[in-house]
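Going in written order, the chains are labelled A, B, C and D, and every chain counts its residues from 1.
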Amino acid sequence: MVLLVIAGASYYYFEKLKDPSYQPKLRDIPAIVAIKEGVGKSLEEDKPVHYQMGASGGQLYSTLVSMTLVALTFLRYISRLCAEMGARLIVHMPYQAESIPLIEGTTLEGYREAGKPEEFQRENLRYYGRGALTWTQGVTASFAQEGVGLNLAIGIFYSDCPISLEMAKYMGGLNVGGTGRWIMVYAFAMMCDYVFLGEEIYAAAAVVSQDKMMLVGMLIEEVGKFFVFLLLGLGLILSLVGMDVVSLLNM
Amino acid sequence: MADLLMGLVGTFFIVATLSVLWKDNIVFRFGQAAVMGAATAHYMIMSATSIQSMVLSQMQIIPILGLILGLLMYTRLFTKISWVSKYPSSILVGVGIGVMLAGTIKGQILQQVGMTLGDIQTALFTTGDAMAILNSVIIFVGVVTSLVYFLFTIEHKGTVGLIAKVGRVFLMISLGANFSGELVWYQTQMIGRLMFIIQELLVPLGLA
Amino acid sequence: MMNMSATWRTLVPVLIVSLTSIIVLAPFFINIGLLNDMSNVLSSWTVIISAVTGTALGLVYMTHAIYASYQRNKQTEQLVMAATTYAFIILHIGLAITQPGGVNSSAYQWWYTVVYQNVGATIYAFMFFTLASSAYRTMILNSVEAASLAAGGLIYTLRQIPIFQTWFPWMVPLGEWILLVPNVGGSRGAVIAAALAATVYGVRTIWGKEISLREVS
Amino acid sequence: MSDRPAGKDENIIVQLGTLPPNKYFLVHLAGIILMFIPLIFPMGLPVQTSQPVIDYVNTIEALPEGSVVAVSFGASASLLDEQEAQFLATWKILFSNKLKVIFYSTTEDANIILERHLGTKVKPSDYGYTYGVDYALLGYSPLGEAGQSAFVRNIRSLYPVDYYGTPLNNIPLMQDINDQSGVDLIIFEYTSCTDVEWVIRQWVVPFNKPALITTLGCCGPMAAPYYPSQIKGFLSGSGAGTEIEVVSGFPGPGAAMSDSKSLGILPWLLSMVFANLAWFLRRSK
């Protein structure tokens, strides 16, 4: 049923998109502006920009794939920004080797959009082997030896992320980041200068992509949220009169 | 002797890893280089073992097709044909999307709503005590207000702003609880390492 | 010719994504033997593909980074570190191949325990300190949000520490209450919101409208 | 606010409340030392038990003798300290209640740990168990949630042979068990917090199978919403490990950690008090 509502809303908005004057709008998310500031700061301090999508952020065939896609959208944005502004970008790749082709492709695409594909260097894509342990160590070492200007961390983060975030802070970097895994959001809330709380990464991805299709995606989602409100409201009334709402929803 | 060696080498790696808390130093860098090698090798061995058991030991057409798709991933390394790697990647993403859609809607949307309502119902009609009713109402308020915080099309001003603020308080308490769960867990890990040093190094040396 | 190649480069991958996801999704709604089989085949391919990339692709990129870093900064230390990494790779692979029992041999297990498992556990121990120092910086009662963060954090921490359970027995039910009531309220909202976002991503991808994948060249 | 380091003229409380990172290292060091002492000189502080843990033990003990329990084992080698006490106690309860156990793993590490611990720390043979008759090890499947889905529908499609290569049909225990209907209880053990949804989606929702989970301390909050309606009981973290040892009466590694935890947290708590005092002092100026 939810799928139907969302598919219906998608259809409505996709049709609406055909009108070129239509411009969807979302509320401000301060952390997006901070990304640009951070790249500027890196340039001033002559330090690289670091991008990480999580030690285990390259999951393509799991239920978390949507977050990998969000991380790729941001990767494209940050690589375009770095190419345009002339900052050096270091991408700490997740350990899932199967995601490497997509990551390299996306980074290159960002450089292409900025018109500087020749500045892309494969050596700036770092790989550290299996598991969170070596990844965190590798990232920490890279922070310590190459310096941190901006540390942008968006993607699937597991319990290992406090180290990479706190170490970036420790080495004087500006932390911007967020994850959709609610359990780890606390680390971002506590350690980042600017944070995307949970689902905000999806909205922010839509904004940075500057693509109407992505923005409309957020509107579709809002329809979904109002549908959930409706369910909650109706459900509350029905459950107060004693109907078995729970098994109704489990159908 | 072998036990003592394990204690020594193990303790060395523990100290090397933690030493970056003080500052970046050569012992930390050496430890990092070694672990990177070990982890990469372990991954390679595990992957090779999977290929051996899933493809090479059976030599059937479907696994071999999978193997070929996997090899296509390596086209990424050659600029001219790098686009070929999109094919296997697309299969991976497609499977991911399918699995995700199947599980997410029912488990994470409808059931979460159902549980929220179910709590109220249980509290009202089964348990019936005031505290349970209050708790279920607090949960309900938490769910609604935190969802309002995640509305992106409405600016957070006025009444909506106030509701979103309440939502943010709920979110923050939840974050705090997550934080402390992890903090105590990590402390356990630290204690575990100290126990390792005691058992593997100090006991063989006769110091504990 | 140009058009043809554009089709192969952009359109076909999008179609593959849509088709694969529909095949994997369908068995959850309808029960058709063929679809189930195809879905199983696709699942087994994902494992094989990731295993094939796992055998060497990462190593290629790692070597790139190590080599470039040495070119930039030709110091003996860099050389020693690179040599250490490769020595450990060779050591592990060598043990796995030569020792009877491979990864289950006692020699491999020795190294596995002492390096991989041990450092892994230490990394988690390390996190205790990073969390502690970040809390020291942020859990200051200077706003309602920070105060709620601190309240959730400190109370549930104290609830888990045995000595406080003895000193303040009321801390246990209070900690449980934080965990089971306000925490559940907040996290359910967040989980629902994120699930909706993920669903929209999924629907859009099946529809062939997802841009984060499409133009990757 | 308290980010700003203290000036020389400010008082000692503000100084202690705004330590820069390189000096805060000393608080960490004090923590390490205080954690170390009770490991050598144990203090034996008492432990309180909580409802999810009691329910966890009761659910297992309520099963009639000979019931089949599936244990989905997803431990990770680097996280053993957090989980060891939990699963060792769980196994002891399972074995002493004469339940039949099917172990299968969801992580690479889990198999190695499973084999090592069953061979050394909790030996099934000590409880009169025979391999194949009373318990079986099916091995590792890399499929994640899809693996759980396959397991509940057709075990043999996922595991044609067991861990040692014996066809499932030749294992007495597995003769009549082909899918979830042959299993009376699922104990789901995992280390990645969102994996709790696997057991909910694959076991509980479609088949309404009684489920117990054991996980890390940090995953407790994620599992809590499912308790007690969908999950009958849960263990999260080494604290629960200590508790289950108390509830079940089987001693294990959990007890030793308890004292060390109590002392080791004190320097940090103290520093938090100073951090807040420093903020209030500065604001009142």
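Heads up, the rule we're going with is that a residue touches a chain if its C-beta (ideal position, glycine included) is under 8 Å from a C-beta of that chain, and two chains touch if they have at least 3 such contacts.
In this text, all values refer to a predicted model and were calculated from it rather than measured experimentally.
**Student:** List every chain that touches both chain C and chain D.
**Tutor:** A, B
**Student:** With chain centres defined as mean CA positions, report which chain is farthest from chain C.
**Tutor:** D
**Student:** Can you identify which chains form the pair with the largest number of contacting C-beta pairs?
**Tutor:** The chain pair sharing the largest number of C-beta contacts is B-C.
**Student:** Just to be sure I understand: the centre of a chain is the mean of its C-alpha atoms, right? Then which chain's centre is nearest the mean of all of them?
**Tutor:** Chain nearest the centroid of all protein C-alpha atoms: B.
**Student:** When the centre of a chain is set as the mean of its C-alpha atoms, what distance in Å lies between chain B and chain D?
**Tutor:** 15
**Student:** Counting only Cα atoms for the centres, state how far chain A is from chain D in Å.
**Tutor:** Inter-chain centre distance comes to 30 Å.
**Student:** Chain A to chain C: how many Å between their CA centres?
**Tutor:** One centre to the other, that is 14 Å.
**Student:** Would you give the residues of chain C that are in contact with at least 2 other chains, written as numbers and ranges?
**Tutor:** 43, 46-47, 49-50, 53-54, 57-59, 62, 112-113, 116, 119-124, 126-129, 131-133, 135, 137, 139, 149, 154, 157, 160-161, 179-180, 183-184, 187-188, 190-194, 196, 198-199, 201-203, 205, 213, 216-217
**Student:** Residue numbers in chain A touching 2 or more other chains?
**Tutor:** Where chain A meets two or more other chains at a single residue, that happens at 2-3, 60-64, 66, 69, 95, 97-98, 100, 102, 105, 128-131, 133-134, 137, 159, 162, 167, 182-183, 185-187, 189-190, 197-199, 203, 218, 225, 228, 250.
**Student:** If a residue has to touch 2 or more other chains to count, which residues of chain D qualify?
**Tutor:** 21, 28, 78-81, 142, 145-146, 197, 205, 216-222, 225, 237, 239, 261, 265
**Student:** Of all residues in chain A, which touch chain B in the complex?
**Tutor:** 1-3, 25-27, 59-66, 68-69, 95, 97-102, 104-105, 128-131, 133-134, 137-138, 140-141, 144-145, 159, 162, 167, 182-187, 189-190, 197-200, 203, 218-219, 222, 225, 228-229, 231-232, 235-236, 239-240, 242, 244-246, 249-250
**Student:** Can you list the chain B residues touching chain C in their complex?
**Tutor:** So the residues of chain B touching chain C come out as 2, 6, 9-10, 13-14, 17-18, 21, 26, 29-51, 54-55, 62-63, 65-67, 69-71, 73-74, 76-77, 82-83, 86-102, 104-105, 108-109, 112-113, 115-116, 135, 138-147, 149-150, 165, 167-187, 189-190, 192-193, 196.
**Student:** Which residues of chain A touch chain D in their complex?
**Tutor:** Interface residues on the chain A side: 62-64, 131, 133, 158-159, 170, 181-183, 250.
**Student:** Would you tell me which residues of chain C are touching chain B in their complex?
**Tutor:** Those residues of chain C that touch chain B are 8-9, 12-14, 16-25, 28, 39, 41-60, 62, 77, 80-82, 84-93, 96, 102-103, 110-116, 118-119, 121-129, 131-132, 135, 144-146, 148-157, 160-161, 177-196, 198-199, 201-203, 205-206, 213, 216-217.
**Student:** Could you list, by residue number, the parts of chain A that touch chain C in their complex?
**Tutor:** Interface residues on chain A, with respect to chain C: 2-3, 6-7, 10, 14, 60-61, 63, 66-67, 69-70, 72-73, 76, 93, 95-98, 100, 102, 105-106, 108-109, 112, 121-134, 136-137, 159-160, 162-163, 165-167, 169, 180, 182, 185-187, 189-191, 197-199, 202-203, 205, 209, 211, 213-214, 217-218, 220-221, 224-225, 228.
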